[in-house]
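Note that chain A is present in both complexes that follow, paired respectively with chain B and with chain C.
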Partner chain A sequence: MKFRCERDALTEALSVAGRAVGSSSGSLGLSGIQATLTGDRLELTGSDLDLTISAQIQVSGQSDGRIVIPAKLAESIVKSLPPGAVSCSAEDDELLISSGRSEFSIRLISANEFPTLAEADDQFIELPADALVDAFRQVVTAASGDDSRPVLTGVYASNEDGGLRLVATDSYRLAMRDIPGAAEVLGSASSALIPSRALSELNRLLKRGDSVRMHMGESEARFEVPGARLSTRLLEGTFPNYRGLIPDHHPNVLTIERTALLEALKRVSLLAKDNTPVRLQMSADGLQLAAIAQDVGSAQEIVEGTYDGTDLTIAFNPQFLREGLEVAPGDHITLNTIDELKPALLRSPVAEDFLYLLMPVRVS
Partner chain B sequence: MFVTASILHADLDSFYASVEQRDDPQLRNRPMIVGRGIVLAASYEAKAFGIRTAMGTKAALRLCPHALVVPARMAAYSEASRAVFEIFRDTSPLVEPVSIDEAFIDVGGLARIVGPAPQIAATLRQRVSTGVGLPITVGVASTKHCAKVASQAGKPDGLLVIPEGGELDFLWPLPVNKLWGVGKKTTTKLGLMGIATIGELATADPERLRTTLGNAHTGHLQALANNRDPRHVDTDRRRKSIGSQRSFPAGGLTGEDAWVITIELVDSISGTMRAKEIMGRTLTMNLRDNNFTTFSRSTTMAEATWSSAALGRAAKKLFQENWPFINSGGCTKLGLSVSNLTAPNNVQQAFNFDPGRAPEVDAAIDAIKEKFGHAAIGRTAKTSRAGTHWH
Partner chain C sequence: MRLVVAECTVTYEGRLTSRLGRAKRLLMIKADGCVAIHADGGAYKPLNWMNAPNIFIEDQRSWKVSNQKGEVIVIDLHSVESDTTVELGTDPGLQKDGVESHLQELLSEQPDVIEHGLQLIRREYPTEIGPVDLLCRDAAGNTVAVEIKRRGEIDGVEQLTRYLKFLNGQPDLAPVRGVFAAQLIKPQAKVLAGSREIDCVEVDYDVLCGVERPQQKLF
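Right, the complex of A and B next:
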């Protein structure tokens, strides 16, 4: 294998593929990136068996071939080279990387060590990226990072009246987003549980204006965007019955400017480290935020807003509230509450298709 | 730092015996012993004959053949203790219970409102005497340790105030065994070195002490002997765990019964936690085999809880992990305990996804148990003795 290309293009492709390379995987092959050169097309693939990401770039190819290179080392080397053209050539079990006066020779990983990845000739559904970028971002934030309950690390995608509904929850908050008319993405299945990690990685690859090709298989989902492919194993298990969690009425409604609340929350949160919650005192006068950290001090701030309901003080983990506010669409949000221990519902008056349900923190 | 004598050590005198003498006039003013096998408590009249707590009752009766012996009535002692602690807590919010019959009470902040510590201590003794009918001795000093030594020196039914600056004059002539933490062994060791009084210990060459007592012990004892005791009255001395256990004869426990017992333990522990308003994050299963070897396995949950459903799930996990042992017939003890305890403040609430019962159900069951007793309600697996699944 032998090719020449621009440093920046190669760095970018190595970093994209490298994101699927497991940090502490047992197999030597999985610590590598597979490089396949066909004519002028170089494809770099990283995989941890659950998630596989390929990046394709145009190079000036001289001889085709397939090699597996150590991911981290290759990326560090290429990144550190001076800007300009980079030459790569593989001979026997070594890869020669040279640029200007720099020359590196690195040991290759045996190509047999890299897992065989199925080639896809599936039927794809095509959707504009714009419809997905926000939706993925909105739900992924609520997914769990805790592998002890694998089901909660996924985003539940289901057919809801012909639309695609995405739901994620870590059991403390739940985010839900509907994408009208997109249920065909699911293919013949009625639902799928997609690892949230795969969707965050996909979101990094999505560019507004592009289109995404998607295929949902029995046990695997595939996505293609210009210049990159991503496939992920689907999660098994039953997603919790999320419908039962969403209260059908909330007697108290706070309507407030989203960024004003977000900014105030960030300030007050400076005093809410570790387990300290932020308290929201809501009354006809509006909203007062407060954080009291026993050994550190306290902070409070009044935020203008309208409140309709009985006086209520409810406390939240500031991070969970902030993440909900960050992904909520529109200039204003409503915070709908029942009492200080029941779930609060964060919505946008202009976007019916999004909701964020948040469990409070119990304070004395 | 300016330290005032504002720490009280309040210690009921011959507690169990005093309760018995209070409740039965025939026992008053005469030697009597609580405990039929060993002496749990002896009246001061009995102590005059050399009878001491923890000696065999037979041996005690040899010393004083006409002493009366009565069985222990724990319920009466608990009730008396509760009444006394109510007076302690009414005296000052800073109460550190040491045991059923003694506590440290910090009254430093009350000087301006109620009066000086000796006066508060006198009032406290009066209230315990008239309100509960029991004699109590109170030591007042600037440190916990000195207050404790003072109350022991002031017994019975006394009040001993060690004024600030007078601590060493009080402590130093006393024999070393009056020092908190000096038992028979240390007393003997010190005696061999020619140290008999607290004062001699305080001024002894630390290098010499270290060779016999060790580093840490030397530092600690010399600090106490010099009245250096920085410990505060600690009202927050909470329980470290809440647990319950059952023992079985070897081969007596089968897998199915073990699960029923596990459920019972979870119900009992979680009920206690809710009643005491304590949540916990770590559940430990304690097991013992035929050879009386014990071992334990724990699991830590994502958030603190007192819900029997959440604890039940954690228990199920531990149960399954230890199933081969539990089902082997060699399990002679099964216990569960919850640690990592916190007050139910700042506890992140979680959605209730699970088929296990909701917190509201726990509350309802607690209410029924309170009203009709613990036998009134239970789980299906318990009543039918058939199910091995979590309901």
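Right, the complex of A and C next:
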């Protein structure tokens, strides 16, 4: 294999494919990135068996071939080279990387050690990328990062009234987003549990183009954007019955400017370290945020807003509240509450298709 | 549970094709048919695995595990260090603290948690159709029968309905209303209870035990 290309293009492709390379895969082959050169097309692929990402770039190819290169080392080398053209040439079990006066020779990984990816001949459907970017971002934030409960690390996708509904929960909060008219994403399946990590990575790739091609199989989902492909194993298991968690009535409603609350929360949270909750005192006068940290100090701030309900002080984990505010659409949000112990609902008056359910912290 | 420690190579074909090179590993074949291949590291996630139901074919040097999705794992055994089968029996499942009897004991000591002003008349109040978990008197002096479950389902509502019918036939107690208390009450049970004018109360076991659990969970 021999080719020449621009450093920045190669660096980006190595970075994209490298995001699927596991940190401790237990297999030498999976610590590498597979590089396949066909004519002037170079495809770089990383995989940890659950998630596979390929990036394609145009190069000036001289001889075709397939090699597996150590992912982290190759990316570090290429990134450190001076801007301009990079030449790569593989012979026997070594890859020669050169640019200007720099020259590196690195040992290759046996190509047999790398998984062989099945060629996709599936039926894809195409969706506008911008419809998905916000939706994925809004729900992924509520997914769990705890692998001991794999089901909660996924985003539950289901058909809902001819649209696609995405739901994620880590048991402390729940985010839900409906995408009207996108039910065909699931194909013949009524639902799928997609790893949130895969959707986070997909969101990075969606910035590459206006549309995404998707295929949802029985055990795998595939996505294609210009210059990159991503496939992920679907999670198995039963997603919690999320419908029963969403209260159908909240007597207290706080309507407030989203950014104003978010900025005030960030300020007050400076005194809410180590899981200290932030208290929201709501009354007809508006909202007061407060945090008290033992042996450190306290913070409070009044934020203008409209409150309709009985006076209430409710406390939240500041991180969970902040993340909900960050993904909520629109200039204003409503915080709908029942009492200081029952789940609160964060919504946007202009976007009925989004909700963020949040459990309070019990305070004395 | 069959536990085999063997030097082996493993190939997987399905969503993709992968290969685990020759190395010593722990192979687990569980009673339900699940197969897992473990390295000597990591808390729980196998290097590769296949859930049941699957088809397991074993010969002297090789195992083949396949499923209906077309996935196939082939394990080639180069040398077997140990091969043991242990009968584990039925697992009792994760034991949780909030058993009904303890919940009943805790609520009998703190009936106010169920309803403000509630006072205990008797725990395990005997009737001819079985004991009522808690018989109480409310702030207005009326009798209240409380049925306590860890998980509140329709069966529990039916059971309380039978007790209420019986107790309301007792002139010295009637009128008796019902309260269904549980750590978690299913929506169907809430609907049924509501249609029979039975109040539902979800109680927090940790709080009853005096355990501080400030960050509450949705489920």
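By definition in this document, the second predicted complex is superposed on the first by the 362 of 364 C-alpha atoms of A that agree within 3 Å, B and C clash if a C-alpha of one lies under 4 Å from a C-alpha of the other, contacts with A are read in each partner's own complex, and residues count from 1 in each chain.
As a working rule, contacts are C-beta pairs under 8 Å (C-beta built on N, C-alpha and C of every residue); 3 or more make two chains touch, one makes a residue touch a chain.
Just so it is clear, the structure is predicted and the values come from calculations on it, not from any experiment.
Superposition of the two structures on chain A leads chain B and chain C into a clash.
Judged by the touch definition given at the top, the superposed model places A:Ala284 against neither chain B nor chain C.
Contacts of A:Asn112 after superposition on the shared chain: chain C is touched, whereas chain B is not. Within the superposed three-chain model, A:Val350 lies out of touch with both chain B and chain C [touch as defined at top]. Of the two partner chains placed by superposition, only chain C is touched by A:Ser47; chain B is not.
Residue contacts after overlaying the shared chain place A:Asp146 against chain B, while chain C stays out of touching range.
Set side by side, chain B and chain C differ in how many residues of chain A they touch, and the one touching more is C.
Of the two partner chains placed around the shared chain by superposition, chain B and chain C are both touched by A:Pro240. Of the two partner chains placed around the shared chain by superposition, chain C is the only one that A:Glu220 touches, whereas chain B remains out of contact.
Overlaid on A, the two complexes show chain B and chain C touching the same residues of chain A, namely 148, 169, 171-172, 174, 240, 245, 275, 277, 317, 341, 343, 359-363. Residue ranges on chain A touching chain B, taken from their complex, read 146, 148, 169, 171-172, 174, 240-241, 245, 275-277, 315, 317, 341, 343, 359-364. Of all residues in chain B, only 302, 343-353 touch chain A in the complex they form. Across the interface of their complex, chain C is touched by residues 24, 26-30, 47, 49, 52, 112-113, 115-118, 147-148, 169, 171-174, 217-220, 231, 233, 236, 240, 244-245, 275, 277, 317, 341, 343, 357, 359-363 of chain A. Remark: chain C residues 12, 14-21, 39, 41-42, 44-45, 47-48, 51, 69, 71, 186-187, 207, 213-219 touch chain A in the complex.
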